[in-house]
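As written, the chain order gives the labels A, B, C and D, with residue 1 at the start of each chain.
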Amino acid sequence: MFSVSEEPLEDLDLQGPLLNREAGGCVEFSGRVRDFNQGKTVSSLEYQVYAGLADKEGNLILKEAREKFDILEARCVHRSGHLKIGEMAVWVGVVAVHRAEAFSACQYIMDELKHRLPIWKKEHYADGDSGWIRSHTPPLKAGGDLAFS
Amino acid sequence: MFSVSEEPLEDLDLQGPLLNREAGGCVEFSGRVRDFNQGKTVSSLEYQVYAGLADKEGNLILKEAREKFDILEARCVHRSGHLKIGEMAVWVGVVAVHRAEAFSACQYIMDELKHRLPIWKKEHYADGDSGWIRSHTPPLKAGGDLAFS
Amino acid sequence: MRADQKTVSLLYFAVLREQRGLNAETRTTSVSTAGALYEDLKRDCGFTLSRDDLRVSVNGAFVDFEQPIADGDEIVFLPPVAGG
Amino acid sequence: MRADQKTVSLLYFAVLREQRGLNAETRTTSVSTAGALYEDLKRDCGFTLSRDDLRVSVNGAFVDFEQPIADGDEIVFLPPVAGG
């Protein structure tokens, strides 16, 4: 239910596989490339993905969400490659009978994947400069806790 | 930014009007007609809307959300008329720079509109029976608090 | 028409629409509040919902049942809602 | 090949990929842990990130830097991530 796509997410039927006759409510999150970040004008964004580990970690996050929240199903697709401004970079969808659970689960999934998926993004700026974006959270020391932070 | 539609929501560009180059994250909620409610098999659902008041109250809820949460924009479309199983009855979309605010605002809007919009739904059951659905919240006594509950 | 009489528009939704058999009507009345008007309608039309189950709007705004009504008002008694 | 030598596969991402100028390579080493291997790479390839900035995965699972490494392992040193 987690996957990485080199094709534009706009071309995929994202919500379709989640819908079934039981599902009363669907909460979705979509993140798009912004044209401005931390004071600089962004012209494009490049995503690198360690696909093998991303699939494993992404599916683990979705499994955690299904265990923690009373939901019917959850799905996430993350884009890889070079994205233009306005293109969708990530999509998360959750269906549930009770909408409060769907909201909580969708937010949990987004929070976790931001910190745990082995995905890196490089912003290319209008002035020709570029830089790798660091997560706001410093990485955990390696040790007993294997969650990527 | 609030509207009632007699046309299927599936035919509308719901998210489009919300997207702009600043909007990093979009949270959406969509509610669809389920085939089962409180132990009975549902064959279709009929929505009656007091359109003049629904527009006013719907736009008031969106305004409240923009005031309470740090979001860029919010939109809601509610369906009226006779809906088949699986059709979308309501859609809420919120765009924000910070996704936590978008989640909170979207949830606020859904909670409020469920209790405040002058919209009624009648379930038609497979056994030929039918019934108007009551909100779970008892109505407030009329008085100083004019919010519909 | 007596001085205290006024003609108001009524819209009906959900179970009230079904019990009345009409979407809308005009009614001439001499009562002075929305609440008293509903008691008349309840008696005349066989409405089963009590006032405690309803909200009332006059000219597109929620008001108190003690709100005085005036000639030409659009009055709606709203059964419990369930949007979404 | 000496008894303590092993050949491992390395994948590089983000700033490490740029500093190495390669997406992947194989390397023969006699060190025994992932942490010691990174110290060698840092010295040989001019990596600027310190071990505290990184996580390490061996054969597709996050592990401790003290994890012993074996011949044939796929080892990835992961710079701070920023998905979404």
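Operating definition for what follows: contacts are C-beta pairs under 8 Å (C-beta built on N, C-alpha and C of every residue); 3 or more make two chains touch, one makes a residue touch a chain.
Remember, it's a predicted structure, so these values are computed and weren't measured experimentally.
Least step count on the touch graph, subunit B to subunit C: 1.
If each chain is reduced to the centroid of its CA atoms, subunit A and subunit D end up 26 Å from each other. Chain geometry summary: the mean Cα position of subunit C and that of subunit D are 76 Å apart.
Rounded to whole angstrom units, the spacing between the C-alpha centres of subunit B and subunit D is 51. Within subunit B, contacts with two or more other chains are made by residues 31, 110.
Screening every pair of chains for touch gives A-B, A-D, B-C.
Contacts from subunit D toward subunit A in the complex involve residues 11, 13-15, 17, 52-57, 60-65, 76, 78-84. By the touch criterion given at the top, residues 15, 19, 21-32, 34-36, 85-86, 99-100, 102-103, 106-107, 110 of subunit B touch subunit A in their complex.
Contact residues of subunit B toward subunit C in the complex are 31, 47-48, 50, 52-53, 56, 78, 89-90, 110, 113-122, 132-135, 138-143, 146-148.
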